[in-house]
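Going by the order they are written in, the chains are A, B and C; count residues from 1 in each one.
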């Protein structure tokens, strides 16, 4: 790659990394403050089953060496985090970082997979209808996509599980039955989240409109008049950039959907862990998850920026 | 209704020692070894050691991995376990245990020779349990022990601060090895031992998979003989509907606690056994005496008369439970069968309210001196808790019929706990107590237990009750204590600080290939080493 | 005033025909279906408000729980406490109508203000606002809602405030993008050079003429999202709480019987959700196409 092509990307990357760092600081601070002021004590999970008195509660905090004021707690958490130490879960005593990596990979797999499913449905429909308009062929497809994106995702999951059990006589859970094709069933949650995350219709509409807009731009018209390939000219502006924009914008939604789908399909992921931790007020875990979720979101937007700059190098100077 | 119970682990009752011994190696009872049992749990265990763990899922697992000095058999009798016999002296203040020899601790793969269980481990367990920096529910239960001394490698002596009733049963606490925890003084959840425990029990923790399945394998050297089933797998679920379907489609072989709504479905299927086991727990509506309207006993009694418990039990739980009349779990020796639960009688309820000075207002709500009987019922939110929703909404409906307006307020669990136990900001709550044996209810109704984070959340105070509780605690005679508790039961039934509802029958569901299943009321797996799977079904 | 009319219109074709006359048939179908749904929603809202329902939606009937549709006067059957499903469906819209509008109002108003500030003023404003919107985007939303519920109480309004706030970045970035686009086309420069006051440019020429279809789309999407989020929360137990019905908690309680082969109790509210969201989406789509003159090529 030529240096002139690398430089803008490097520039964008640096910028994004700086922004991400600042954002992570902000996210961690806000989450910490909210957690601190929400009712419930993270340490009560340790005392459950003994209905501890006030003294026992204070004793538990002391035993764990927790400082009493919230800002010292936050600062010490922050200092540790910069040293790569996310602390240990209050509930299980396991190191948060290890747990995050383990569940994070599963969630990443689920999230990226469902994004691909969403795009695999949305792109062909959007492309076809932006080029040909609504036809007898695209209209039912569009309607179908709209309908599935209006279904509650957990209910959709139930339907799929029911169907798989009663039609194929298999039980689709990730923690497989040891059967031969159990890995196949693990595609099911990805598929369910991909179609049921509530964004398919929005993605279709956005891609279709963007494509339509680009198609009516002067340079495409010129290209078309000249008899050149419209596709070649419109690909970057009309498809690549909108798709990356949608990926970046929809990651937070899909992460939210993962909380539900992971519970329905017994998927050992981050969303499920986040839900448990939020109920226990297990703050090291929640903070870790918030950071990791923010990193996922930022990775999406970094990806979008990089693609944008590659397509349009001038943009990096903005 | 099964996760968020207020767990109150109290004393374990009863009785005499039976001497019995078996050799290590095969059980030689003619039943086949082999097979795998995977069971579903709703949620994941927090820790796997017996000291820091404080919820039912962990408790069940530690039952498979560890042993106590004494154990309990299927008839609820105390039997030798790690101790082969014992001697009680000094008028019940000294307990000397003679330990079993040749008991080995679980061996991790690649580790050297198996270590022997000795008296040092018993002393160590007690020390680590009582250390101020160890957070464990066991501490309050064992404060009666003054000291533990090792006499020799296989003899250990406990000295009690004072003689207490049924002390022997309390020596069922699980023993951990002195070479287990990496910190020799106290145990926290961060200690690696909490996730990779070493015990003496019938099963050895093999590993925890990436999906958080817990794999246990048979301990070939188990001192009561090798357990029959080769492998236990605990699978965590986050959705009870899916867990039941996993059973129906053979992805798991057993569910330890079936959701009441799924009972009919499993009942209708010949492949499965639904086994009831007695749970020492009950549900109730608890009243806040800080509300002057509820301080009147007649009002509380009126509420109890207005509620049709029989109908609720039949409609919501397929009659799988027992209606109770008082503060002890039925099943326990303290329960007074002579006291009958109030019969559903709305007329009597109305009469009681009138007697207490209430009259019906123009809006149909009972009022007294300008104060309306309009109350807030606070209920903790649980995922998949339609049983709770049903009961509280039916309660609201019953009370509406006698002119009482109930506002049901669902709250997130932790903020509910703060409202009830710290702020005392509620009129009525719906909750359940789980007992290990229900003999001791002092923390629920004694007036000394009123305050922040104490169990007498309703602020119930009655000198008569207080003195009966103290009397019952001080006596060392089992029959006498029983008599006192019966009096206490009758008194509290009439006082109605709670509307006592019922004890539900717990059901385990399992595939019929698993045989000889006996279940301990709350430890569950106490007899699992005798379970077996016929050779033909082992796959 | 030729130049004035040129900028007062939208970028694109300008014609004097009212927009519905030049609309495509498909769009008309979309919009009519959408309007039908919206009027049904409003009708149920009014019916619920004045208690005009076939049965009392709160009346328990323990002898008739989980009845199938058509049983003794219950057109859609009964739920797990023997309450009439149809009445509860009608009453259920109360959970979404005003709270949903609140969420939409929050996201549109804050989003517009931030978007205009970032796009029109640019510079430091832009940097600050971008940071803020990125921050909001990076939060795990469900965890945030759970903590808010814990801190206050499980009330649909609190949930919808969070939903509205977390949607602010979407609206803000769309508005900002639109302004950038108009700048690129030298639209704003032209308006400024005509000496129009900033307020008129922003309110009338940018927001009214160029962003209204964006508002419509976001509003219709917002309603759908409000319903789906409440449904997800209901699955987790934190949606609208009993005894108030919401379609979400109805699907959830019905779904507990789904695996036992009783599909109806969850299907009825799920279909209500489906048709309503579809209605809002198609309404947005159709109106958007009409206003922008997208079709009819």
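Miscellaneous remarks
One rule holds in what follows: a contact is a pair of C-beta atoms (placed from the backbone, for glycine too) under 8 Å apart; a residue touches a chain by one contact, two chains touch by 3 or more.
Quick caveat: nothing in here was measured; it's all calculated off a predicted structure.
Interface comparison, A-B versus B-C: the higher count of C-beta contacts falls to A-B. Chain centres defined as mean CA positions place A nearest to the mean of all protein CA atoms. Relative to subunit B, the most remote chain by averaged C-alpha coordinates is C. Rounded to a whole number, the gap between the C-alpha centres of subunit A and subunit C is 22 angstrom.
Chain centres here are Cα averages; for subunit A and subunit B they lie 40 Å apart.
One finds 47 Å separating the Cα centroids of subunit B and subunit C. Touching two or more other chains at once are residues 38-40, 158, 161, 263, 279 of subunit A. The set of subunit C residues touching two or more other chains comprises 146, 150-151, 235-236, 255, 258-259. Shown for subunit B are the residues that touch two or more other chains, namely 241-242, 245, 412, 414-415. On the subunit A side of its complex with subunit B, the touching residues are 38-41, 44-54, 57, 59-60, 63-64, 88-94, 102, 158, 161, 165, 169-171, 173-175, 177, 262-266, 268, 272, 276, 279, 281. Residues 19, 22-24, 26-27, 30-31, 34-35, 37-40, 133-134, 139, 146-147, 150-155, 158-159, 161-162, 198, 201-202, 205, 209, 212, 249, 252, 255-257, 259-260, 263, 271, 274-275, 278-279, 286, 289-290, 293-294, 297-298, 301 of subunit A touch subunit C in their complex.
The touching residues of subunit C, when paired with subunit A in their complex, are 24, 26, 131, 134-135, 137-144, 146-148, 150-151, 170, 217, 221, 224-225, 228, 231-232, 235-236, 248, 251-252, 255, 258-259, 266, 270, 273-274, 276-278, 281-282, 285, 294-295, 297.
Subunit C makes touch with subunit B in their complex at residues 60, 62-63, 65, 80-81, 146, 149-151, 153-154, 235-238, 241-243, 253, 255-260. Of all residues in subunit B, only 241-242, 244-245, 261-262, 265, 311-312, 315, 381-386, 389-390, 392-394, 396-397, 408-412, 414-415 touch subunit C in the complex they form.
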